[in-house]
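Across the two complexes that follow, subunit A remains constant while its partner is subunit B and subsequently subunit C.
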Partner chain A sequence: MTVHNIRHANTRHADSRHGDASDGAVGGRLSRVDGPAKITGAAKYAFEQQLDGLAHAVMVEATIAAGTVRAIDTRAAETAPGVLLVLTPDTIMEIKGASDWLGNPPTQKTYSPLARTVTYSGQHIAAVVAETFEQAVAAAALVEVSYDETPAIVDLSDAKAGDGIPIDVMTKEWGDAEAAFAAAPVRICAAYNTQREYQAAMEPHGLIARWQGEELTIWEPSQWLDGMARTYAEWFGVPFENVRLVSPYIGGGFGSKALALAHSAVAAASAKMLGRPVKLVLTRPQNFTSYGGRAATRQTVTIGAGRDGKIQSIVHRGVNETAVDGMWVEPLASVTSIMYATPNFSSKQNVVRVNTVVPGAKRAPGENPSAFGIECAIDELAYEVGVDPLEIRLRNYAEQDPEAKKAWSTRQLREAFAAGAERFGWSKRSPKPRSMRDGHQLIGWGVAAGTYPVRRAYGEAIVRILADGSVEVESSSIDMGQGTYTILAQTAAETVGVPADDVVVKLGDSRFPRAGVAGGSRLAGVMTGAVYKAATSALDQFVGLAISDPRSPFHALQANTLVVANGRITAPRGDGPDVSIAELLASVGRDRIEATGDTMPANSSAEDRYKNYTTIATSVPHTEGDYSRHSWCAHFIEVRVDEDFGTVRVSRVVSALDSGRLYNPKLAESQWKGGIIMGIGQALLEEGIVDRRHGRIVNNNLADYLVPTNADIPDIEVISVGIPDLHSSVLGGKGVGELAIVGVAPAIANAVFHATGKRVRDLPITLEKLI
Partner chain B sequence: MTDQTTSITIPIHLTINGRDHSLNVEPRVTLLDALRDRLDLTGTKKGCDHGQCGACTVHVDGERVLACLTLAAQVEGREITTIEGLAGADGTLDAVQAAFLEQDAFQCGYCTPGQIMSAVACIREGHAGSDDEIREYMAGNLCRCGAYPNIVAAVRQAALEVAS
Partner chain C sequence: MRDFSYVRADSIEAARKATALPGAMLLAGGTTLVDLAKCGVAQPETVVDITHLKGLDTISVDAGRATLGALAKMSHVADHAGIKSHFPAVSEALWQAASAQLRNMATVGGNLMQRTRCPYFRDPSNFSACNKREPGSGCSAIGGVTRGHAVLGTSQACIAMYPGDLATALVAFDATVHLGQRVLKVDDFFLLPGDTPEREHDIRAGEMITAIEIPGSAAARRSTYLKVRDRQSYEFAAASAAVGLELEADGRTIRDLRVALGGVATKPWRARAVEEALKGKVLDEDTVRKASGLAMEGAVDHGANHYKIELAPRVVARAILKLGETA
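Showing the complex of A and B:
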């Protein structure tokens, strides 16, 4: 089967040396249960399935950034060896328009995944399907395209780009920010830029599509099986139930793998047209243009403050790029408006259309660039008024949500500052820029905070107690490295009362009980809640049987309740039988107990459920009710800057983070470190470089688009300062995955200022900006 | 143009994880695609297909090699080891594999086979002497999940075990 179903058979050796039984409970440091499959090569990722008759498709993309396709000459490609099909806008089957991820109905009756009108370089315009991958690649190179080219707006700095379109819903205002700024004794104002960044998951996007009659099976890495299945169903006019999406392991997503994309439609269409399964995997360069990375952003942050550094006003203006024919709003005030207490606030945001693929979600969309602005600006204020950068953050500490005017559910940010500063040795910092050095390396220490809202939604799971005493969990949620398999095993193990080794978790198949998108760090909170409910009701049934079934050895006891622990069932006072789960099930003649649990509001209709799992329309606001719910963190970072060459190295990171209760600290720490490392990349390395003549991303590969390597990364220490937050989730956790990247880039920029006396407000901080 | 697209296959014989395989492929087929698409050995991953990421690292005669930059026909008669062949016949994990699990040296797992194959070679080459040396000699294997500190810890642990 394609689902993850490998028990711990060959890992006991590794685990038994250092593990202990409590590791399997919620909050324990259990090693990944999907780990053995991943370290032995046994884990089959979605498009690694081997199917009979598999044909291979390769996309052909536009080489201009704007204009129309005049003609596509496919003759040479069609006669090339092995070629089965060449698809162009004229020859691809009709595909219907599909609703968007909010569930809004399509604006067009049909959808053309191959473009006649080109709005960005790299847009798909044709595809070749052949018997082998090599034949498809060779034939794709023979497709001749001619264009009528028109001028393109290549990026935000293009003179033709203009000021863009105001996005009124992004406006946030209270007090009189302009007047308060004008009256403030200390005023700072600066502009902060972030560049196009890419998710660059190591597993490229791709899929295998197979039709059997009107039934479509898609093996595709997916952060959202049910949402993508809905799109396929609408595209091809088949019932939702006819589409099965399978995604047992996902080789990284970081926001990029939640939607079915143009190439997905092409693969499914060509499979239908050919009557054969088709595999299509995007090349690495195509992964830079087939879906959007993080939009480039520009912000100005203006702070008016007292001489003591107390903020009186923040005026914030933001711009992000979007596509000519698609809308992406990167919410640039999401941290600006809540991090510090201010009586007066104003933020407005525009978007500017440029010739790019529609930008998309990359780890902490919104919060990440937002924090770069405000967390650098407050550092500038600290120097302006001569207050320590950590002290100024405490002086302006927001005791409640300044925007929603609600209490925080939990906010361990003060604790994060204290724990991080202590561990880092912040008190030994010499305040003046350029005052710490080691030979010709200038040393700088910087601090910045980060936050991410607790996004909540609903999920379903099935929990089964099986005849052999093991427990099985099924859900159509996914594991792209966050540790879903593991924490759901822990949740079921603890709730039912079996060792985690006896739990098998199956995920990544849309035929399983439903789940919403794995994005916005919501999955763990949602799914542990659903599994907890399902497991509780399975346990109740099991204990109920043991008490009431006349064949049960406990029947004569007339107990009110029984205890299940470590796979055995006993009476609470230990005065009765002691049997295994398997023995009890056998005695009452059952081969399984099964319960479904979900976290949907009671009385939800089938329609509500469908909408909940296939759109993001039903997610619950983080400020719902009486509380404002967020995760928080503080990063303390040391950089070393070579005085002669301007090269910046991060040499030490200590981060203290509040993600509430951690379901598995070992895995949460890994995710935090991963976020910090991606933040180091953003600060120092990552930038999509646009060729100004052709509007192309010229560094569209992993050698030229620089992601951090092992040699770029120092030791990273992460400290959990969270406490259970039951306003945020059933078991008390808040978000983990997106949080840690937020605040890393400003902490590095602040450290670079401390090292060099140079304020770089334009990411990435490359050496030419320092010399 | 035409010879680029003619499909002439050649018979090749590969020894992979101690087993012999015969296949007919075009001369342009890479070792990586031969493994993944023809032999159902999908443990070796494709991240870039251009020698930029290290996900496809395998051993040829004990040395680490990028399978995406190696033609299948080039390695006829050589000993190829992939991630599937690293554990013992009885399923006993290699020291590096066990250390990766224990140190949580991966998240999504996609770079992991390449990291592990690189790490085994790195230790064998004698380049796991210090954390800095490990970082340098493991720098050809990208991990976008950012498991690097845990990878360094795993390689350090495995190097000590191998030495003892």
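Showing the complex of A and C:
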């Protein structure tokens, strides 16, 4: 359980506010209330829990990419100093199969987190538990494994990979795209590739597991406490309520921390087998093989257009890699099918099984690679027909969702193009490639758009008005840096009518009221809605008491309602008593008022509720009802490419974004900038490099897997062009966290083309592709 | 990490003696040793801690020479006013090395002992063949991922790149390393892999780096370190050049030129062919670009690192031309 009390946490400086109390209300620029705890080290992360009798587990991984484990010789490891337990597929306790994140029941009765059949290098095959971490590491090195190796399919370009499996549900067709393309006066066709990328969160994956009888407590960084708790409950055959997941702080997730994984099962099993708490933290290299990053993708985008650049047809074919023993579909047409108006459209997608860990979610899965294809392709079309890359986007502006044929709930993309272009100075762009330079630096300006759907799900919160007049919020939702603590405090403060300083928010404990996954940029919309409802209900109770309780000073007033503001309660016309919340509660003899609120349909059953919080099966489609709901953005990016060295540096970014209403602009801007930075990494640096003979990623550490440093990042200017969208959420916000990465890589690739005249369609754009 | 004994040396003499213990390794900043111990490459039996030795972190500079104590921190040397004015290439090489956190910990003596970043060398559990780690076991890098591997000074046994920046600048300016009885040129201190890639330095049991000495020169005063890489900071060089230039009184004829390359060779690489080709010549762009190509004499690529052969001469040329502009 973690408490953030703004009163203590948010040291006030004159420049941290905008001069009035609005910072504490929804829409104010309140600084992160968890910031001071993180900066001072007071914030306790999962692995920092100090428990008596803690034992330490270390994983042993497969060193082949495909084959079977012939034998595991554990004798030397078992007798090594401090060793408590050596686990192999034969000696680990039985673990039951668990349903998947969609809620599908298990396909196998039992689950073996340690593999006998190896399908990727780095797969867990054994584990060692010892008194100390160093002893476990030393003993793990003594585990001898022999294999029968079989040929591996290394990646999408492997000759053995083939065309893959068609994913029929991904097919999208309208009009006659092939015929329209054949008839189009202007035709372009190009292939675009994105590489395997990793979330590379600063905090590695891992956990501490402790059993007390049949009750399991897990300290583990988590984007989804209730979903992961369900998995543990099913694995070990205990009631859901017996599992407590604790995750007050997360050192970066980016999509990777929503599921309980094989190593999680091993840690919990060894804790049960030993009767002692066990800590297991993956090494940095293991963080590249124990769960999946973004799948490598290949897309072919074909556009048929008129000489004016008006699109007549888009034909799109996509492929993403998945694992031999797991299915991951990265929806590659998710932006292609909605960004531009086209009367004819066709998209199909295959997945190809390769010997890798099953790929996973990384910031804007689907939309991110999809935008790389279509947003580069339309840039190519712009040059082909001689139209400005911004103008061609406006000429093909989709006035409604071309796929769903529904009105947009809100789409401020035209406004984003206008605001971004103005601020960037786009009109001063010299259209010809290689026509702008500064000494040895070739300068290029590129533009690209992005979008992300509004995913809606469910959350529940409790709001309490306490005897001292403060307000408490509890929810099992999480804050991985996006600002949940802060915006929920603002929501409760505004709704109840207290200063944000007087709100305490508690998150990250599965014992609190439940919440769905913090993924797909849905949590803020869901949880502000739940807190708003709970707080409204608490306020109604409070005002009701003040009006009706005979002991209340307002009782004689015979008012229909009262005003609660700034922690005080008054009559509407100010002609009655003026007392604090604490004084009123005291006068009516109550020590608290408490209300629960959720964003579920009314009269949902207990089973519905359980399913809603522990699976993603019940997410509401973004095209439900009459509207199509999405966030939108436009990126304007300047690059400088050294003419001799081929090095690309991003020198200027102006992005205009429509995330609807912002609950806290300061935090939204910070998330947008984070997404843009991650997009710069994707465009220029990030790539999991695989040894083709061993099927193993070799740059599996933070020195060799390159993510941007501060030196790579210029000042980034972000502009909010959103308006409240009440079709998307209770308070009018749309998604924030994933939006801003979408479109960054194509804007950079387009800028590189403008700078150099060279079209790089294969990310990342490293120097050898330009010299 | 294996268990090891820990010895804290209380004098240089004691530290030297301790290096002769079986499996002994010196601990200075620890930025290489701890890293390699964690990935299972370094398995010291005895760690000899020299961080408390007095007097080994001094930096003294005058026009004639710079003397850097072995325990001087990279960041202190980089920021030293005398180094910046008399040996700018040395300061710039250090500023562009590693990260701020590493430079604050790492010592210049330890930096000379930094080992290759070859991913095959660094992953013993997955790649058993590595001649540098296990003589005679083979080379996993040849035929593998080679984007960061050397194109100069390689052998059949090893193509691992020397990753450091400081030593590249030291080699350009004929610096020496003090080992106790022996004083070696830094260029000779680093060994080519040949058939014995496990031997990277000419250092013997009982020896310890105590100081680095850099002779002053006009070329060192007018010098620069140019490092090219995909990431602006905290990345090893795709190619780098330490260059020093001295012009005749006419301001255009090259009297003295020093060129050393980083990021492309198995050791810090002095490009004497470039120096000789340009000495006595009038400095102009065409001449410099042409001569810079000589830096790659004898280069052999292994596929993905071919770009280094194109890139390195351009880096050399840019560095020389930049110095020529700053009169």
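In this section, the second predicted complex is superposed on the first by the 753 of 771 C-alpha atoms of A that agree within 3 Å, B and C clash if a C-alpha of one lies under 4 Å from a C-alpha of the other, contacts with A are read in each partner's own complex, and residues count from 1 in each chain.
Following the convention adopted for this analysis, a residue touches a chain if its C-beta (ideal position, glycine included) is under 8 Å from a C-beta of that chain, and two chains touch if they have at least 3 such contacts.
Quantities reported herein were computed from a predicted structural model and do not represent experimental measurements.
When both complexes are overlaid on chain A, the residue A:Lys666 reaches subunit B alone and has no touch with subunit C. In the superposed pair of complexes, A:Ala139 makes contact with subunit B only, with no contact to subunit C.
Of the two partner chains placed by the overlay, only subunit C lies in contact with A:Leu684; subunit B stays clear of it.
Looking at the shared chain after the overlay, A:Thr709 reaches both subunit B and subunit C. By the touch criterion defined above, A:Pro204 lies against subunit B but remains apart from subunit C after alignment on the C-alpha atoms of chain A. When the shared chain is aligned, subunit C comes close enough to touch A:Glu768, but subunit B does not. Here subunit B and subunit C are compared by how many residues of subunit A each touches, and B touches more.
After overlaying the two complexes on the shared chain, residue contacts for A:Gln50 are found with subunit B alone; subunit C is out of touch.
In the superposition on chain A, contact of A:Gly275 is made with neither subunit B nor subunit C.
Residues 134, 138, 141, 703, 708-712 of subunit A lie in contact with subunit B in one complex and with subunit C in the other. Those residues of subunit C whose C-beta lies close enough to touch subunit A in the complex are 1-3, 39-40, 99, 117, 119-120, 123, 125-127, 143-145, 147, 228-235, 238, 306-307, 310-311, 314-315, 317-318. Residue ranges of subunit A in contact with subunit C, taken from their complex: 61, 63, 121, 134, 137-138, 141, 285, 440, 642, 644-647, 649, 684-685, 689-694, 696, 698-699, 703-704, 706, 708-712, 764, 766-768, 771. Chain contact summary for the complex, subunit B toward subunit A: residues 1, 4-7, 26, 28-29, 33, 36-37, 40-50, 52-53, 55, 82-84, 86-87, 91-93, 97-98, 100-102, 104, 106-113, 116, 131, 134-136, 138-152.
The touching residues of subunit A, counted against subunit B in their complex, run 9-11, 13-15, 17-18, 31-32, 34-45, 48, 50, 76, 80-82, 132-135, 138-139, 141-142, 199-204, 249-252, 254, 281, 283-284, 480-483, 666-667, 669-671, 673-678, 701-703, 707-713, 715-716.
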